[in-house]
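These are the structures in question, set out in turn.
Shared between the two complexes below is chain A, which has chain B as its partner in the first and chain C in the second.
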Partner chain A sequence: MEGFKNLINTIASPTILFTATMVLFFFIFPLNDWFDKWNRRLKLHLLWTKKAMIIAALLMAGFFLFGLSDPDFRSIVLKPDNVPISGLIFLVYFFTWLSMHQAYQNDERLENGEKVDEHYDAPNDKALVWPDLVYVEFIALILCSAFLLVWSIGLQAPIEEPANPTESPNPAKAPWYFLGLQEMLVYFDPWMAGVVLPSLIIIGLIAIPYIDRDPGGSGYYSYKNRKLSIALFMFGWLVLWDMLIIVGTFLRGPNWNFFGPFEYWDIHKLEALTNINFSEYIYVKWFNTGMPNNILIREIWGILVLLGYFLILPPLLAKTWMKDLFARLGSFRYSVFIVLILIALTLPIKMYLRWMFNLKYIIAIPEYFFNF
Partner chain B sequence: MTETKTKKSVTKPASQRPPAALGKAKTADEITRRSFFSWLSIGWVAFIAATGSFFTMMLRFFFPNVLFEPVQTFRAGYPEDYTIGEVDLRWKDKYGVWLVRNEEGIYALSTVCTHLGCTPNWLGLEQKFKCPCHGSGFYKTGINFEGPAPRPLERYKITLADDGQIIVDKTMVYQKEKNQWNNSEAFLKV
Partner chain C sequence: MLEKFRDTQFYKSIFRGGGVPKSRRQRMMVVLNSVFLHLHPVRLPKHAVKLKFTWCMGGLTFFLFLIETISGILLMFYYRPTIEYAYTDIIDLAEQVPFGIMREIHRWGAHAMVITVWLHMFRVFMTGSYKPPREFNWAVGVILLLLTLLLSFTGYLLPWDQLAIWAITVGSNMARATPFFGYEGPGASLLAIGDINFITMASDARFALIGGRFMGEAALLRFYVLHCIGLPFIIMIFMAIHFWRIRKDGGISTPV
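And then the complex of A and B:
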């Protein structure tokens, strides 16, 4: 048992957890034909069968039940604040499974020349709003109200002492839906993670229908028609948003350190986290010259790296790996698409740079509130 | 032309009018083009006056007659009250200041994290300030070394009064990244 708990704690360390997720992710949600081939070869498409769903749900429930025997796990998971997040894990899994299940079913039907499940056969498929729809909605409403009532009686609202600006709770956690942003704030300047990136998330979501104008596969669930779109969206949604919420809820402890799910939340847990800026790496560690006084000379390397990332990478990708996409989207839509994707990818890139090299900022100009 | 016509057709009741003229005829309580515009302008003037005064009130709200701000300057006792090598927490709750005494003197650190403004905790065992919000860490000097905080904690003006007491003035801020810590008022030599 202790061995298993230690194993889980090890796996839950950020580098291992994120690497495993990121590698597995695009095999489970194949990005293109190459990944799709491997998805079929590794039999990962069977994940969307009913049997796999039941097994996975049982495994997850079993893990939670087993975990509850551990006092550290119990104290985190049964905290009234965190109970909904445990529920969220199951709900997100179930609805992801449901949509992927329907998508793969439709893909199969289309391959066999059949009509999709959502095909509307007038007038045989006609249903009346009243009573067919409203009746079901009414039942759902009553059940949800009853559930919320029981929940609100059963779990105490975590009301704490009056707010005090000089005493931040340790750990101080954002509301659950902002934990992704809070995690982002660990790796970025507050201006970037608090203002620029959240705005870009919204702008990016608004831009989706203008970038992806392919009418194929609209109106019904299907995966093979829209591999790239679905895989990228699910990556942003499941890995860069939901997973950060789960990590923020269960794995972030006092002093915002990482803790395994079976680890005691020790306020004095020591982690060597001395961070270094990119310019310090260059001038102090590699050149051994000491930091130059001129801000531009100091930060020129970071600026060059970022310019290369945003200006050289897009045309390079358009010429090589994303040739087809570039031809399909045209230069303007391609540029918007690739810049949004590259900005989204700065988050995992900066996470890894922080975890592996203790890199703080690629460009650090605290004198003018500009850090990236 | 249309105006004179209006005045003439005033008295005719609606029922006596020939059906063909129904759309064009005008009665006393009917809205004419001119009265419509005068009512419209009255409406707009009223609307602008109402919203204008509302926003004036809102703006006025930002400049209260009396400001219940905590005192920005305070006396912090005598230098002998502070132990060498310790971070003093006694002014943290009231004024948001840590006084740190080292071999050479005393400096006043702001308790506001330079990342997003939470209040870090002083961890005596680890000899560092650690912010519970995003994990920023600061040395005893206030210099940032862990987590996302982009710059060191700020220092406040610290001087001696005539009676030998320490005076901390929070209105004067000294930032390391602007080379202001060398200022004689950022550090009280004892």
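And then the complex of A and C:
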């Protein structure tokens, strides 16, 4: 048992968990035809069968039940405000399965020249709102109310000690739905993690329909014809949002150190880390000259790297790997799309730079609070 | 007995038409004649009444909003937004009020609402329902998502316990790093004439959010007003647009 718990603690560490997810993700949610081919070859499309769902749900439930026997797991999972996140894990899995299940079924129908499940002959195939829809809504309302009542009677809303501005808890956590943002604080400064990135998430979401304008695949579940948009959305939603929330809630303890799900939150756990800026790498480690005084000279390398990333990479991709996409979107839409994607990718990139090289900032100008 | 009651002048005066709606025409009139039901169209494509297509998440989000409103109004009877009383009022609420689960309903309902909004958005994405002509309604939906999170965030402070103020401290500390408008944000020092900074600890974005340099009385009042009046007012306007646009954009999305 202890061996199993240690194993889980080890593979839950962000480096391993995140790397495994990154490697597998686009095989599970194919980004293009190449990934789709491997998806079939590796039989990953079987994930969306009913059998796979039942097995996965049982495994997840089994893991939770087993975990509850462990005091450290119990203390974090049963914290009243964390209960919705356990629910979220199951719900997100189930609805991901439900949509992908229907999408793959519809893809198969389309391939066989049949109509999709949602097809209807307007205006003949219509249902009346009264009673057909009203009773579905009515039952949903009753079930929802009953569920909420049971939850409210069974679990008291948390109330801790009276507020004391001089005594901060360790760790101090934001409400759970913002923990993905708080997790980003490990890799970015607050102006990025707390202001710029959240704003870009909102802007990016609003931009979706203006970038993906292909009228196909509207009004029914499908995957094959929408690979790129669904795979990218799934990556943002499942990995960069939900997974970071789960890590931030369950796996971050005192001093925002990482703790496995079966690990005691030891406040004295030490993680000696000296993070080094890109400019220090260049001037101190490579040139051996010491840091220059002029800010611009000091940070020019990081600025060049970022300029290259945002100004040279997009046209390069437009000429090569994303040629078709560029032709379809046109230069303006393509620019917006690629800049949003590249900014989103700075998060995983910075994660790996941190884990592999202890890199702190690519551009570090603390004099003007400008660190990236 | 019920049949007879349905035939009375009293019943007919409330439900126009009266009687049990049996014919197709009568059933259509039920929807058309009701102020609540006529948010719906009269007829729908048949997949639109299937749970496996809709997941019912948008409807449940609206329902949870109503539950939050009602339980929130009840909570306002017991709660005073001052540092002196806020915490003790919450304790009182738990210990003195008979059948006191309103705070539980309000809190768990709020968590549930955040989740249902996300899942609704996920469903809309997976069915491609954001595509023309519904792109603007998708944008309205994103705003509603943001407002839901802000409503939940502002409510989080109100119990004024350790959990509340430190969660909000973590959140609102971000504001002081706002580019240009936070006193620790990049570019803030550019907004200055000579030696006079316009963006200081007492004039930046964080100050505007919590009404002071430190988390205190003003922050509690601001969050209370935003939570109970400000944000609900804004979200209701956007909800009206959202529902209206669903109908105007052709109802639930269908395969072309």
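Following the convention adopted for this analysis, the second predicted complex is superposed on the first by the 368 of 372 C-alpha atoms of A that agree within 3 Å, B and C clash if a C-alpha of one lies under 4 Å from a C-alpha of the other, contacts with A are read in each partner's own complex, and residues count from 1 in each chain.
FYI, contacts are C-beta pairs under 8 Å (C-beta built on N, C-alpha and C of every residue); 3 or more make two chains touch, one makes a residue touch a chain.
Because the structure is a prediction, the values reported are computed rather than measured.
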First (chain B), second (chain C), both or neither touched by A:L42: neither
Partner chain(s) touched by A:G194 [first = chain B, second = chain C, both, neither]: both
Contacts of A:E137 with chain B and chain C, given as first, second, both or neither: second
First (chain B), second (chain C), both or neither touched by A:A103: second
Contacts of A:Q182 with chain B and chain C, given as first, second, both or neither: both
Chain B versus chain C as contact partner of A:L205, first or second or both or neither: second
Partner chain(s) touched by A:I16 [first = chain B, second = chain C, both, neither]: neither
Chain B versus chain C as contact partner of A:P165, first or second or both or neither: both
Touching partner for A:L304 - first (chain B), second (chain C), both, neither: neither
Chain A: partner with more touched residues, chain B or chain C: C
Contacts on chain A seen with chain B and repeated with chain C across the two complexes: 164-165, 167-169, 172, 182, 189-190, 194, 369
Parts of chain A lying in touch with chain C, wherever the complex brings them together: 81, 84, 87-88, 91-92, 95-96, 98-99, 102-103, 115-120, 122-123, 125-134, 136-137, 140-141, 144-145, 148-149, 151-153, 155-165, 167-169, 172-178, 181-182, 189-191, 193-196, 202, 205-206, 208-210, 212-222, 226, 230, 233, 237, 365, 368-370
Residue numbers on chain B that touch chain A, as the complex places them: 92-93, 96, 111, 115-116, 118-121, 123, 125-126, 130-135, 137, 145-148, 150-151, 177-178
Touching residues (chain side chain C, partner chain A) in the complex: 21, 24, 27-28, 30-31, 37, 40-49, 51-53, 55-56, 59-60, 63-64, 67, 83, 87, 90-91, 94, 101, 103-109, 111-112, 114-115, 119, 122-123, 125-132, 134-135, 138-139, 142, 145-146, 149, 152-153, 156, 159-167, 169-171, 173-179, 182, 184-189, 214-216, 252-256
Chain B partner contacts - residues on chain A that touch it in the complex: 164-172, 182, 185-190, 194, 254-257, 267-268, 270, 273-275, 360-361, 364, 366-367, 369, 371
